[in-house]
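One chain, chain A, links the two complexes that follow: it is found with chain B in the first and with chain C in the second.
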Partner chain A sequence: MSTAQIEIQLIAALAAMACAIPGVFLVLRKMAMISDAISHSILPGLVVGFFITQDLNSPWLILLAAVTGVLTVVLVEFIQKTRLVKEDTAIGLVFPALFSVGVILIAQNANDVHLDIDAVLLGELAFAPFDRLLVGNLDLGPKSLWVIGSILLLSLSLLILFFKELKMSTFDKGLATSLGFSPLLIHYGLMSVSSVTIVGAFDAVGAVLVVALIIAPAATAYLLTNSLKKMLVLSLLFGVFSALVGYWLAHWLDASIAGSMTSVLGVLFLLVFLFAPKQGVISAIFKEKQQRKEVSLLVFLLHLQNHEDPRERHVNHLQEHINWHRIQAKTVVDLAQKNNLIEIENQVINLSEKGLQFTEEALKYITTNKPTAIEDLKNKFFLFRG
Partner chain B sequence: MNVKNEKLAIKIDDLTVAYDYKPVLWDIDLKIPEGVLMAIVGPNGAGKSTLIKAILGIIKPIAGSVKIFGKPYKTQRAKVAYVPQKGTVDWDFPTTALDVVMMGTYGSLGWIKRPGQAQRKSALEALEKVGMLAFKNRQISQLSGGQQQRIFLARALVQNASIYFMDEPFQGVDATTERAIIKILKELRDAGKTLIVVHHDLQTVPEYFNWVTFLNVKGIASGPVKDIFNDDNLTKTYGINYKVAINP
Partner chain C sequence: MNITEYFSMLFTDYTLGVITLGTAVLGAVCGMLGSFAVLRRQSLLGDAISHAALPGIALAFLLTGTKQTHFLLLGALISGLLGTFWIKSIVKKTRLKNDTALGLILSLFFGFGMLLLTFIQKLPNANQAGLDKYLFGQAATLMVQDVYVMIGVTGVSLFFLLLFWKELKLLLFDPDYTLTLGFNTRFLDILITSFIVLAIVLGLQTVGVVLMSAMLLAPAAAARQWTNRLSVMIFLAAIFGAFSGVLGTAISASQNNLSTGPVIVLVAAVFVLLSFVFAPQRGLLARRIRFYRNRKELNLRKTLSVMYHIAQNHKDISHPHAIKILNNFHGYTRKTLNKLEEKNWVEIRGNQWSLTAKGYQEAENFYKPNEAIQDI
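Take a look at the complex of A and B:
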């Protein structure tokens, strides 16, 4: 690996991590799309900043662009507060307006400089190592590495310092207010950090893909854990993973690095979405099937308990009466037999001792209708374990 | 009103709250003595929740003043605990029952400082008190409505406040939880705390509460349940004759 390759991967990983932190809170606050708005509307700030500083990595340019980002949030909230339009409409009105101002400014004044629409939309990670930070003759590495590194350090420190405040005001704004914390301050703090991060990562991945770096790691982690801390750690890991794998994927395909990174994030989300152990789509389908089987078993056993007449309990008769498909009926009978809940004599099904106990308890469950009771039942009778 | 020389927990003067041009609370004067378990009753849209939020500074009133033990709320935060309506938070938030209860201690910690063993211990005690200790590590979305309400109550308990505000604590909870909650509220009252509860079920007012405020945008009446919980005030508040409902 060449130094440039390592530097690019490092920049990509730091950018992904820096985006993941505010991303977690934006996703939890159901404000994910505000990051899209910010990432576009910082453009005029960037352009004006560039005219003033003539340096894409100047802290002043980042600050100016971040201010435009916060301004976006203020404008969206202002429009929304008038109740003339809804929030999503307000977002859709504000950011294209600001973005287009940026596009016009670039087209008018910056044709001959190193700032073009392609770079703005998709970033130019591959060129990042060419712009070095030099102190005297000493080469300290790429400028954008320092920029995104400082931003990551800033948001990590703020996260550690204000973790408690962020968590509480995200979960329960009312409580935060009544305890004397200012959710408004925390809100704008988060918006400022998000804006600064987006501006910093913008250089690497551009306006469109930065949104993926913010939302995708958090959304993926959200499906895997019930703890905010773990969600943050997972998001950071997913960010780094996407940067490294994305880089080599781009290398192999000879394609855009930012595009590969976000594709990796997309695939990662899809995999988790499908296969997550608790909340994944497949596990949900399986759980639903399992539940249907459990309910069928209950119906079947209660039917047996209800009918004294052996004719009602004949194997063939059951199929007609409960109106089940042959296969379903067989699964349920097998399950009941495996759990020793029934005995079959001459094609007539009887409840076993255990089956009788079970149905008695089950009736109680049905009459009280408590969800916890069925769990107790399952534990008590070691049911449904294969 | 029947407040004589008792110490006042809350004193509200000329409180008015409006959303846009629509008055939600109009010129409320209210004196709540210390140590009462008080229900706020009134029809939908009467401003019951708004009254609590205005007292707590969550909503800014356009006029009027609120005094808690004779001082503005801002200086009295440590003495006040608030249990919002269950529906105001996102129960899918990635956190556990214990963690939510711990949030009750954040006020005494202030900015930046983290909760430690002492906060954890008092949170566990509160969970035990509401009968939820066994669920301490449960993800909050895995709790039933009644259990979620108990978690909110436990969170208020760890604040160890003098005044408790509760917004419809019995909404959507099972009968067992309702009994458990009211038992704790009565214990708190007997320990000298003041409790203000937005309440919907008029039938249970005499059984649960010893103080009541009738509210319908304007304050109708406030005082001991035995003196003022009558058909006259109910009719004034709800606009229809409540005789049948209360005295069957």
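Take a look at the complex of A and C:
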């Protein structure tokens, strides 16, 4: 590995981490699409800033572009407040217009601006090591490494300082307000940090892909955990993973680094979407099956409780009575037997003592309709643990 | 070439005619179908679909090796539909919300598409140049066959729109009611979504992946301001769309270095801005005017009611009083007093005013409903 390769991976990893932090909160606050809007509408800010500073890594340019990002949010909120259009339409109207202005500005001044449209969409990660930060004659490494590093440091320290406030205002706005935090301040703070991060990462990965770095790690992590801290750590890990694997994939294919980072994130999300233990599609199918079985078992036991006559409780009779197929009936009977809820004597099924107790409580649960009681019941009688 | 020349050449030059017709038809069909997207709060779906179409274009090229528009757009259609259904399944199957699903699919598909595009660019295949025109669109590459396809799609979607007009309208405004009436809402949903995907895919060549969503939204959002009727809105949106298509193409063709997509989007944005400000009932200007008018009316009535209370304390309601006793707090200005006199509610003599019988009656009427409530 050459130094340049290490530097590129480092920049990519830092950019992914810097994006992951605001991403978690944007996803949780259902504002993910705002990042898409910001990432597009900072373009005119970047171009105008470039005219003034002539340096893509100048802090002033980043600040100017970030202000454009916050202005976008304000503009979207203003349009929403007029109630002329719905919220999502407001977002969809503002950013393409601003982005168009940016594209036209670039096209009209193609000779003066060293920004081309491909760079806008894809970033120039591969060239990042060539733009060095020199102090006197001392080479301090690539400029973008410093830029994205300081942005990461900024958002990390803000995260640690205001973790409690962020958490509270994200999950319970009302409580946060009543405790004296200002959700509005936190909202605009988050928007500013997001804007700065997007501008910083924009240079590395481009307009659209910065959205992937913001949303995808957080969304993937959200499917895996219920704890905010774990979600943050997981999305940082996913970001770094995608940066490293994405770099080598791009190296192998000789294609865009940003594109391959995104593709890695996409595969990662697809895997988690399918196989996540609680939220995944496959576990959802499994859960549905389980619930169906639970309901059958409940129906079966209640049926037994309702019918005193031995003829009604004959094994073969059940099939026609509850209208189950032979196999389904057998699995349910087996399950009940495994859980010691029934006893079978001469092909006639009786409720065991435990079964009687269970049906009584289940009936109580059904008639009072308490929401969580059924879980306790299941635990109490060791259902499905046979 | 400037814009006037462009329009004068429009009828003599075949290529220009084709391009202009193409963008006009595209704008119209986008406006028409975009109305549904806007009213169903699916505005950003268009953004996601258009980005999701990119890998389809790249894959279609990789698999077939041709640059024929129809093959590429077929790939775009498949990948756009795939993205749409994935979004729906994410929202349905997991705890992720709509906005996250949209942003995810948008950026992940687009990133994958860019990976493929940059991969294709490095291939030793001379045929590959020009795929990136799908990013920002180039109206100049429109051929007459493309325009035929557009007109065909417009016709088919118009046919289905009219066929299921009642059902679609109902679905827009009250989906639950539609379901309870026994209509197949799932079928209607898929129908309208598929047409939106189709319209987006058609626009990719002209407007490009990145800005296609605005093409869908802007005419509809502008049209929404002028009317409360669905049919009028769709009609207006189609007209706005067609106009922004034609104007945008004309402007971009008459300047160097201007992609069609951004210019069309900006023209459409101007339409939106004008509609927001000047629309007769919902517009910001109309709202302001109404606000001032109401305030003036309120001041007038406030003054009259103060006069009424003063007059109540006198035997003769027309007993004159000094103008001086009225102040701003009572809503009094020189103008309101003149207005009151104009309406014959007061009479002014020198520095004195007196309530007329008509004015007294009018003021009494303010209090009638209140008295009625007290009676109860």
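Definition applied: the second predicted complex is superposed on the first by the 379 of 386 C-alpha atoms of A that agree within 3 Å, B and C clash if a C-alpha of one lies under 4 Å from a C-alpha of the other, contacts with A are read in each partner's own complex, and residues count from 1 in each chain.
What we mean here is this: a residue touches a chain if its C-beta (ideal position, glycine included) is under 8 Å from a C-beta of that chain, and two chains touch if they have at least 3 such contacts.
Just so it is clear, the model here is predicted, and its values are computed rather than measured.
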Superposition on chain A - do chain B and chain C clash or fit: fit
Contacts of A:Tyr222 with chain B and chain C, given as first, second, both or neither: both
Chain A as apex of chain B and chain C, Cα-centre angle in degrees (nearest 10): 80
First, second, both or neither for A:Glu165, with chain B first and chain C second: first
Which superposed partner A:Gly136 touches (first chain B, second chain C, both, neither): neither
Partner, of chain C and chain B, that touches more residues belonging to chain A: C
Chain B versus chain C as contact partner of A:Ile104, first or second or both or neither: second
Touching partner for A:Val85 - first (chain B), second (chain C), both, neither: second
Touching partner for A:Leu175 - first (chain B), second (chain C), both, neither: first
After superposition on chain A, the shortest CA separation from chain B to chain C (Å): 8
Common ground on chain A, meaning residues reached by chain C in one complex and by chain B in the other: 30, 222
Touching residues on chain A, where the partner in the complex is chain C: 27, 30-33, 35-36, 40, 79, 82, 84-86, 88-89, 91-93, 96-97, 99-101, 103-104, 107-108, 110, 117-118, 121-122, 208-209, 211-212, 214-216, 218-219, 222-223, 250, 253-256, 258-263, 265-266, 269, 273, 276, 279-281, 284
Residues of chain B touching chain A in the complex: 53, 56-58, 74, 77, 80, 82, 84, 88-90, 93-96, 100, 103, 106-107, 109, 111-112, 114-115, 139, 144, 155
Partner chain B, residues of chain A touching it in the complex: 28, 30, 161-165, 167-168, 170-172, 174-175, 177-181, 222, 225-228, 230-231, 371-372
Contacting residues of chain C [partner chain A, same complex]: 38, 41-44, 46-47, 51, 89-90, 93-97, 99-100, 102-104, 106-119, 122, 132, 135-136, 210-211, 213-214, 217-218, 221, 224-225, 257-259, 261-263, 265-266, 269, 272, 276, 282, 284
